[in-house]
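In what follows, a single structure is set out as structure tokens and then discussed.
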Amino acid sequence: MKKSNISQKIGFFVISLCLIATLFFLGTILYFITVRGIRSISWEFLTKPPSGGMTEGGVSPAILGTFYLTIGAILFALPLGLACAIYLTEYTPKNIVVKILRISINNLAGVPSVVFGLFGLAVFVKFFNFGVSILSGSLTLGILILPGIISASQEALTAIPQSLREASLALGASKWQTIRKIVLPSSMPGILTGVILSIGRAAGETAPIIFTAAVFYMHGYPKSIFSEVMALPYHIYGLMTEGTSPEKQTQIAYGCALILMFFVLLLSAIAIYFRQKQRRVQHG
Amino acid sequence: MDNVVHIKVSKVNFFYGKTHVLKNISMDIYKNKVTAIIGPSGCGKSTFIRLFNRMNDLIPNTKVEGHIYLDGEDILLTKTDVVNLRRKVGMVFQKPNPFPKSIFRNISYGLEVNNIKDRKFIEERVIESLKKAALWEEVKGRLNDNALMLSGGQQQRLCIARCLTVEPEVILFDEPCASLDPISTKKIEELITELKKNYTIVIVTHNMQQAARISDYTAFLYLGELVEYGITEKLFTVPENPKTEEYLSGKFG
Amino acid sequence: MHRVRENIYKWVFAIMAFASIIFLVGITITLITQSFPLFREIPVKSFLLGKAWYPTYDPPEFGTFPLVAASVFVTFGALLVCVPLGIGSALYMNEIAGYRQKSLLKPLIEILASIPSVVYGFFGMVIVAPFIQKVFNLPTGLTAFTGSIVLGIMATPTVASIAEDALSFVPKSFREASLAVGANRWQTLIKVVIPSAGSGISTAVILGISRAIGETMTVLMVTGGAAIIPKSFFQPVRPMTSTIAAEMGEAVFGGLHYNALFAIGLVLFIITLFFNILAEFISNRYRLKLGAGR
């Protein structure tokens, strides 16, 4: 056999090992969280608040809290992000403006999540005096997911053929009518994909809400957007680092991790499935 | 012939970046006639007619000089209301571009954006336009189907119908048959001949036979210059400019 | 009439579009103003190079060197895991996998990239740490080593996905040209495909670094949290991110400790900003290069 063919065999073998190792590690995580987490899951676990000093009962306030924070983040980030994408693709500002915006968006996307937490603490919690609350947490998470929403929306908008815009304008539609009646409806699936991915991201983030919204335990459910909340990711962290009965708490944490992971993976699976389908349609 | 000037083009220059695309073009376009613009590809035909509804505004980095008068009003001024202009000057594009909506909504779109809400009126107007565009018989039972289900030729007639609902005075056709089969092309050509009774028509085509068949006037553009312009019959039989003759006899392009 | 309304819309969109700039600038200003009081008391030099981090002692010491060193340590370790695994997986998907296999693997990897970091941290605490403690016979399993492994696994899908994008950007003609002169697939991969995707792959690695340095929950939960300069991989450390997350709760608002934590945030922000700009710079050059190659 030729020497080069041996090196090809070895090379391909190593590459295959890398993939197998990657899938193995990720599979291990899925396996342990699922198998051990499923023991905790019950109707009571999903619908009851914790009891017995965080060792019994359910985690419903944490599930609800994560839901509130995520909805809040989307309500804040979607209008801003969509407007930014529309401005960039439909109003084609001057090159220099596009460049500045792109640099800011990219760099905002790279800011560590704990730094968003610091920003939220200094600005929303302290400066605007919203306190540790759903509002502060939602705004902080909203800024965190803003870049993702912008780029997904931008991708969706640029995928709309220019000929549709021309057709609309040529019929005497104004630019705004063209955007509202033609461009936005056609790009809605793509924008929704971005929104779904962002929901998953916001739901799983912990560091930004530690100082801005989340508490390990609270009595009852939040009453307004100025209330502090429990949240699933923070609850996992709390269960593992606070309290006095580690074994019982670890089991509850498994349950929380499973719910969180299942929810986030489901969302991203839906989003990625749709994205692939759309890309195929556009390329076919 | 009692010719009324509908559009007067006066010393128009057009620049794309530093490229001089249209060079000092002046010509008169007559009411209720079909005017064809011919020339080899890249000579600026499409760019030229896209000036009539200010479609080139969408392309960044362009500059236009000169005047185009529609009913005596200069439409190249910055203060021109392009939305109103485009309601007066309709356009049918090279590739059929129906909206991803139902057939009905495609046709009614032009009324919708004019804030017309009267449903009965809209319905009547949609049917009327479809009839004028010779599409009614083919789609009358399925107005709620998605327009993208139609064949290419039907889609192009749909685009014509869509343009008619707005009741423009002028219709611009930018190589409307470029992507169509011969039978569909014939239908569109018949339609154009029919439409000129009520509209002024300007059509860009790279197909000389087509220009000869349907137009009353023909303009020959070459490298951004208007080489020759006149009555179609005359231009095709006894061209004045040797370049026109060369082009018509297939020596270039 | 139309024009006035259209202009209003345009300006509304423009103003909203500028939000991202405002937030980026806002973050910068916040970090600077909130950490400024610290530097009136403590020179920048002893903040950056001081070897002791005892924020609650009297007098407190705010030397961040052990924290920065821990971040570098853990990030470096994570790279040793995620770069080979991520790039190897990308090469597999791009070169060995058939169309069907790839259209299954790529989305799978992308989906797995979305697992929240707190889940990784939790997994590291309950599964990886006890395992490592047992295998290496350590007093605790919560070490820099554990952090590196978990963080590395976490970053692998991201690196794999970005690197695969870069590989599939390489024009088919490059590959065909190499195969046509008799090179086999491996030689083509090593000599043609990887070099032409080189800057795209480096972008993937740099973004991986930036993500690993900035990652909080995983390291907070699995690295053990001792603020000492790391001497070995098998001891607990406290990287910058976990310091902020762990100590903000106990820091008094407006106190020096509070300011010091913002100062760490500032350092972190500058480091990640640097890497992001570097990644942007490289991928821009890459686009130019491939553009010219076509």
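Going in written order, the chains are labelled A, B and C, and every chain counts its residues from 1.
We adopt the following convention: a contact is a pair of C-beta atoms (placed from the backbone, for glycine too) under 8 Å apart; a residue touches a chain by one contact, two chains touch by 3 or more.
All figures in this text were calculated on a predicted structure; none of them were measured in a lab.
Student: Based on mean C-alpha positions, I'd like to know which chain lies farthest from chain A.
Tutor: So the farthest one, by centre of C-alpha atoms, is B.
Student: Given the two chain pairs A-C and B-C, which is bridged by the higher number of C-beta pairs in contact?
Tutor: Output for the comparison: A-C.
Student: Quick check: how many Å separate the C-alpha centres of chain A and chain B?
Tutor: Comparing mean C-alpha positions, chain B is 48 Å from chain A.
Student: Report, in whole Å, the distance between the mean C-alpha point of chain A and the mean C-alpha point of chain C.
Tutor: 17
Student: Just curious, how far off is chain C from chain B if you go by their C-alpha centres, in Å?
Tutor: Inter-chain centre distance comes to 55 Å.
Student: Going by the contact rule already set, what residues in chain B reach two or more other chains?
Tutor: In chain B, the residues touching two or more other chains are 83-84.
Student: So which bits of chain A are touching at least two other chains?
Tutor: Counting only residues that touch two or more other chains, chain A contributes 174.
Student: Which chain C residues touch at least two other chains?
Tutor: 2, in rising order.
Student: Could you pull out which chain C residues touch chain B in their complex?
Tutor: 1-3
Student: Which bits of chain B are touching chain C when the two form their complex?
Tutor: 81-84
Student: Quick one: which bits of chain A touch chain C in the complex? Just the residue numbers, please.
Tutor: 4-5, 7-8, 11-12, 14-19, 21-22, 25-26, 28-29, 32-33, 79-80, 83-84, 86-88, 90-91, 93, 100-101, 103-119, 121-123, 126, 143, 146-147, 150, 174-176, 197, 200-201, 203-207, 210-211, 233-234, 236-237, 240-241, 250, 253-254, 257, 260-261, 264-265, 267-269, 272-273, 276
Student: Which part of chain B faces chain A closely enough to touch in the complex?
Tutor: Residues 53, 55, 58, 60, 83-84, 86-87, 90-91, 93, 95, 97-100, 109-110, 112-114, 159, 162-163, 166.
Student: So in the complex, the part of chain C that touches chain A is made up of which residues?
Tutor: 2, 5-6, 9-10, 12-14, 16-21, 23-24, 26-27, 30-31, 34, 84-89, 91-93, 95-96, 103, 105, 107, 109-123, 125-127, 153, 156-157, 160, 184-187, 189-190, 207, 210, 213-217, 220-221, 241, 244-245, 248-249, 253, 261-262, 265, 268-269, 272-273, 275-277, 280
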